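For reference, the structure discussed in these notes is given below.
When the chains are written out, they are named A, B, C and D in that same order, and each has its own residue count from 1.
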Amino acid sequence: MASSLCSRISLSAPRTAEPSNLGFFRSSDLHKLSPSIARFNRSSRKFEVQAVGSTFGNYFRVTTYGESHGGGVGCIVDGCPPRIPISEADIQADLDRRRPGQSRITTPRKETDTCKIYSGVSEGITTGTPIHISVPNTDQRGHDYSEMSIAYRPSHADATYDFKYGVRSVQGGGRSSARETIGRVAAGAIAKTILKSFSGTEVLAYVSQAHKVVLPEGIVDHHSLTLEEIEKNIARCPDPEYAEMMIAAIDAVRVRGDSVGGVVTCIARNVPRGLGSPVFDKLEAELAKACMSLPATKGFEFGSGFAGTLLAGSEHNDEFYTDEHGRIRTRTNRSGGIQGGISNGEIINMRIAFKPTSTIGRKQNTVTRDKHEIELIARGRHDPCVVPRAVPMVEAMVALVLVDQLMAQFSQCHMFPLNQDLQEPLKAPKLEPTDVTV
Amino acid sequence: MASSLCSRISLSAPRTAEPSNLGFFRSSDLHKLSPSIARFNRSSRKFEVQAVGSTFGNYFRVTTYGESHGGGVGCIVDGCPPRIPISEADIQADLDRRRPGQSRITTPRKETDTCKIYSGVSEGITTGTPIHISVPNTDQRGHDYSEMSIAYRPSHADATYDFKYGVRSVQGGGRSSARETIGRVAAGAIAKTILKSFSGTEVLAYVSQAHKVVLPEGIVDHHSLTLEEIEKNIARCPDPEYAEMMIAAIDAVRVRGDSVGGVVTCIARNVPRGLGSPVFDKLEAELAKACMSLPATKGFEFGSGFAGTLLAGSEHNDEFYTDEHGRIRTRTNRSGGIQGGISNGEIINMRIAFKPTSTIGRKQNTVTRDKHEIELIARGRHDPCVVPRAVPMVEAMVALVLVDQLMAQFSQCHMFPLNQDLQEPLKAPKLEPTDVTV
Amino acid sequence: MASSLCSRISLSAPRTAEPSNLGFFRSSDLHKLSPSIARFNRSSRKFEVQAVGSTFGNYFRVTTYGESHGGGVGCIVDGCPPRIPISEADIQADLDRRRPGQSRITTPRKETDTCKIYSGVSEGITTGTPIHISVPNTDQRGHDYSEMSIAYRPSHADATYDFKYGVRSVQGGGRSSARETIGRVAAGAIAKTILKSFSGTEVLAYVSQAHKVVLPEGIVDHHSLTLEEIEKNIARCPDPEYAEMMIAAIDAVRVRGDSVGGVVTCIARNVPRGLGSPVFDKLEAELAKACMSLPATKGFEFGSGFAGTLLAGSEHNDEFYTDEHGRIRTRTNRSGGIQGGISNGEIINMRIAFKPTSTIGRKQNTVTRDKHEIELIARGRHDPCVVPRAVPMVEAMVALVLVDQLMAQFSQCHMFPLNQDLQEPLKAPKLEPTDVTV
Amino acid sequence: MASSLCSRISLSAPRTAEPSNLGFFRSSDLHKLSPSIARFNRSSRKFEVQAVGSTFGNYFRVTTYGESHGGGVGCIVDGCPPRIPISEADIQADLDRRRPGQSRITTPRKETDTCKIYSGVSEGITTGTPIHISVPNTDQRGHDYSEMSIAYRPSHADATYDFKYGVRSVQGGGRSSARETIGRVAAGAIAKTILKSFSGTEVLAYVSQAHKVVLPEGIVDHHSLTLEEIEKNIARCPDPEYAEMMIAAIDAVRVRGDSVGGVVTCIARNVPRGLGSPVFDKLEAELAKACMSLPATKGFEFGSGFAGTLLAGSEHNDEFYTDEHGRIRTRTNRSGGIQGGISNGEIINMRIAFKPTSTIGRKQNTVTRDKHEIELIARGRHDPCVVPRAVPMVEAMVALVLVDQLMAQFSQCHMFPLNQDLQEPLKAPKLEPTDVTV
């Protein structure tokens, strides 16, 4: 994700003492410099990299496409149920939560990311045929990529794309870009609409850690959490005090040209029972893949997560009880709403770790494509911390998994009459909070 | 995973004072008891649950099948390259690392899990057609499942399978079983052989945490680690001192009838550069799904993982350098061998969290299928800690991902001549250790 | 398909005058012969080739496995709805229609092909987990394959398997075998049960051509056709007179050691409207792939087929009308029940061409694996005409497509309330015959 | 395919004597008419229907999208090998063969169908990331669709789309449109380039039948056939005399407002040996699906096809011989280049039947969406015969199958050294014509 966020970049020979007193570098000067001593600053927008596309899902299939260059980025959603009310405004709401320039703790780069539905929706409802949503590229940056090919940014996708495809062109190489996630967020908005209207299922994410500011477990009530609480501040942390601390922590690195990482927590509420396939396609496996396919992720855990490894089985197990509506529930939820790969109806919760943005405004040693060692400084407009903008991305990926699994469960297990003794309709009543939560 | 490991189970009414003075329960007595006061002990093998099957991979496709009942369990591997030398002995070596009864810290249940190749291998080499590997069920447990249906084991798949399929039969319900992983381990053994012979790629896992005994970072040298070091002790921890502490910790809960969780670390060494697809099918996303599809997993991280969120970008980035062979390398490896979803040739490392076994020999509150609250005690033979047996399972899943991605990369990017300036053959020279490791 | 049916084979040098006066060839004599003059007769069972496996379907997924060697052949069905009553007897009924030795116009080789369900069915109903069905190999033929490697049978898969996999071993090479279709027929029997019980959908195939005996269009009434009419004779032609002529035609080539081809017509009745996906996954495209994946097929057509190309649009179009139940119907059915890739509720009909069995008891020129030209005579037990045994295979493949598409349609378009003005439930009332049929 | 080709349409009550004396119908008048007596002429471009999208291929994956409305139509190609030279001009060449208005025997509607590559190609070569190709809609027809909903065109997709999706809107309903095939043809152009440069493989199609004008077998020499010969006339029949007869036949129906069908023959030359997977994914099965997914197709056959059913095995089998280069070949090619589902290196040939265009300018009985019976006349600009424009579509689908299978074979069977005795590189020498062809 970080990849789209850098701005001015300086290249200098290793061990150079004063990179800061260098003037701006012009493209036309590049040939004068030997690769090993190249150094330059560049205007920020030149280094945005390109999106690549692929397909996610089996029943509800999303293909994203597009790069920073060309007409735009977007997605094609195939397999969407017909007659779902969808508007560009619905999708735009989530895109606005994702776009750059939305606050001082995101990249200052401004883009409106205005979406348009090109096919698959008519008179405000889905038609069952592929939905094509596109966001035009208003900010064409098709020049000056020759410099870009000089240095590999550390911990960035520059080098591995070259290793994989053997294409020198930055543009063509199709680098990982936060911009690619526009298509995911757009598709996720449709998925959320389906989930909400079919089974009242809600997917909500928020920032639970920014750098060393860690929101304590239990402060956020997952039964009552609302989107409004999350959106109340620019950190997207529903606790106002911790939000302030997070913003301060991000500001602290921002002014130094550095970056920090963090954690996004995501919950899914009112999830029908029975979603997820045993063995390879367990629900937690699908969620892990979905979330770990987001740029800059380093880890995934659900329910008790890594901390659960410290408990004994007698401490960890979630005891069953029968609630006042005669439904089988668990008193605790260390299972995170999933047992044996299948949703049990309790709240699904998960945490996703994001590393600090790799593009930073501080001097780093690296190598050029020609394998010369060099120093690199990227100044300017990058996200000092990706997690506030990652919140809608995580929600989108989780919603895409859930709608796909919902359709899978519906088609396999709900064509014939249910076993009323054991099963319930997929549109189950909302759960009351259990007595004890983790 | 825990699901296959319980043995004798007691059911008692909630809040009953003396569950211990109850005699053994016989199946024929069951009808005499009201569900809410049923309590019984059972011989251990009755509660083993059934495997279900599914398919993993796109190029190298594994379908597992079978349950504890019927002829046996196994897998079908489709898409395997022809003329790979494979023997039952190769596969058996990994199955022996997985089987129950291998040490005092695994379930005492004895099974030989002897495999047989039924198709796809002729005269010791693969033929290119589907490989069918089967392990017979020597320990038929087709009776007494009626009791099983009384109580849902806490944090087990019992309840969610019922919710999903609406089938009351334990046998038919196809519960999650550690036995299902036999097929994965067998297929993984083939995958390892291909990786090793094609590119010298090695996949090795070990136990890095058991309950609260945590192996410190850096104690194990991932450049020199060998299978022999891992297999030297029953904890599968390559550090003998920590291994002893882990064994003691497991023994401590074992005698109390309780269980503990832990962490498995897995590395992949000499991985060709360029594996992994951008966007949805990033290499880390595929690994996360693969590992999180194993029973009892709660979390996945790679490279710097969750701890990486605490670092600043300037601390976290892996600087590039050119090594003595002229190859572009990173000095540190917080990227865990993967950048932008694509392998960079450094060692891939990841950590997988396993929860404590859910089947324990201690009294727990739960409900019956008829929704009556009840107390359950499962005595006897369960794994006090799953991680030693999980080691070969993790290796198998990681190997399956890598061989699938290797074939993907080979077919997309190696049909035509390489760009020698940027790319290298998939059979790259072994990496020397870098100066600095994480 | 032919591949499994040959029996005694003679190899002789090209242009040899009297191949007929050769005695039986024993395996031990093989080394005495130079490849170019090898000639031998062999007992029939030595040349049965091996099955290979793969996967068909997206929602209702079938993987077949197994070869003539090893434990047996079979299939794994993943994704089957739970609580469907399935018995081995149901499956056996279709396997008996497929097995060799069922009549004098099939290969005289006797096999019982007795199936067993190993998993996924409990107490007579499906559990929702993978169904493993296996048929043991009672007729082990693991010897004498060295001779087999000498000569490529003309128009057989021998040569192309070698080209593809580079594996010399006949056994390992995994040749195409009619025996592989056992898994398809078994899975198809489950699919038929689901279709019948969900929507009253029936799939019936019959022989409409054997060599030059062509059943005229319109003789068989597709609205009233029954399984009993088809099974009344060994040709599986519902018209007794044409059946006799077909049997005579097959007998005529049988005694000469030659073979003939033919055509299987298949219909699907009471197919719900709306099955099939636009664009690449049109219903006719899926049916074409399914049928053309059967051994020995050469062509596929539906509705008016190739003959439809001779009509003008004004002659070919199926006019719509509203029937007495207020349903929109077509007066004719040149569309074959499919318009724009989607079922319209009329009877789906298709015709599949099967070539003459390639293994014949007459002298043919061919080459050995060592590229020497040679003459080959295969005497003995082969199917003189494959179409009677192909009937249940075609039904199986068509049923697999329909159940897969039914589940697809159910999950995409039936989760939310229907548009009553345009749609109808998937369990539609049976259609009355239209006034005019093609 | 026909669906995009109609122009002015008249609706009249059944049995109405003088439909011709009606003036033009305006949308605002619609409500004044009872459905059963609606009649109107419309300007031709209002009835073009919408494209839907989906995905084809496993290794080389094409997703088409777009409708006649909105920004345009196009495709995304994922998985393309990097560093393949591709230009918009290459793609345009095939699009020009597909576009309407190219000759008097296609629809007179003029569209330029100018393509633009938006991503995945840089500096003239592919980058390995998704290729997005789009064709703008210059001819917006977003109005007057309310009339369209009145009548179902006979043998058209109108009715089945409504049955499937329950969406009344024509635009949203996403009707099948010849315009959707633009994406296929564009992707096919890339596939052809890969095939040609990797293995010299060529895919060529031509018209072998138009209405009752049937090009005799053997007139076209498949070893020497060139694109130039095919493109020499507007019928795309390489034999000039038959081309004239075809053009005359099409002209004859054109002036009557009627339409005719035909047959396209397609060959693939210099196809590497070993393509195609046994069992379900046989090469002929994949080709059948690909071709039968084109609009208006009714049948598929390869090699000897339906006519082969009339031969005896001794007449049908293709004898093997060793050619002057020591390669194993067949003297005849009734196998059509495929044996046992796998290419044998001989020329692959197939024939695809296309029905007459369903949209015609003659009166037909049909029903409205409200189920009233009605008469319909569509006057104006439709394709009198689709096969000349279908030629590049068939080539595209065949090329997409072959490149997908080539990549599959390369990844499974060419990672390790070949067995030189049996196999050859995928880039094999060109075949000389055999002595005898069918």
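Quick note on the criterion: a residue touches a chain if its C-beta (ideal position, glycine included) is under 8 Å from a C-beta of that chain, and two chains touch if they have at least 3 such contacts.
Here the structure is a predicted model, which is why all the values come from computation and not from measurement.
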{"item": "Smallest count of steps, each to a touching chain, taking chain B to chain C", "value": "1"}
{"item": "Contact distance in steps, from chain A to chain D", "value": "1"}
{"item": "Centre-of-Cα separation between chain D and chain C, whole angstrom", "value": "27"}
{"item": "Separation of chain A from chain C, taking each centre as the mean of its C-alpha atoms, in whole Å", "value": "48"}
{"item": "Shared interface positions of chain A, touching two or more other chains", "value": "51-55, 82-83, 128-129, 164-167, 174, 278, 413, 419"}
{"item": "Complex contact set, residues of chain A against chain D", "value": "50-55, 61, 63, 65-67, 69-72, 76, 78, 82-83, 116, 118-123, 125-130, 132, 134, 164-167, 169, 171-174"}
{"item": "Complex contacts: residues of chain C adjacent to chain A", "value": "58-59, 79-84, 128-129, 197-198, 278, 406-408, 410-413, 415-416, 419"}
{"item": "Residues of chain B touching chain A in the complex", "value": "2-3, 51-56, 64, 152, 154-168, 174-176, 180, 209, 211-212, 253, 258-263, 273-274, 276-282, 284-293, 295, 297-306, 308-322, 326, 328, 330-331, 334-336, 338-345, 353-360, 362, 364-367, 369-373, 409, 413, 418-419, 421-424"}
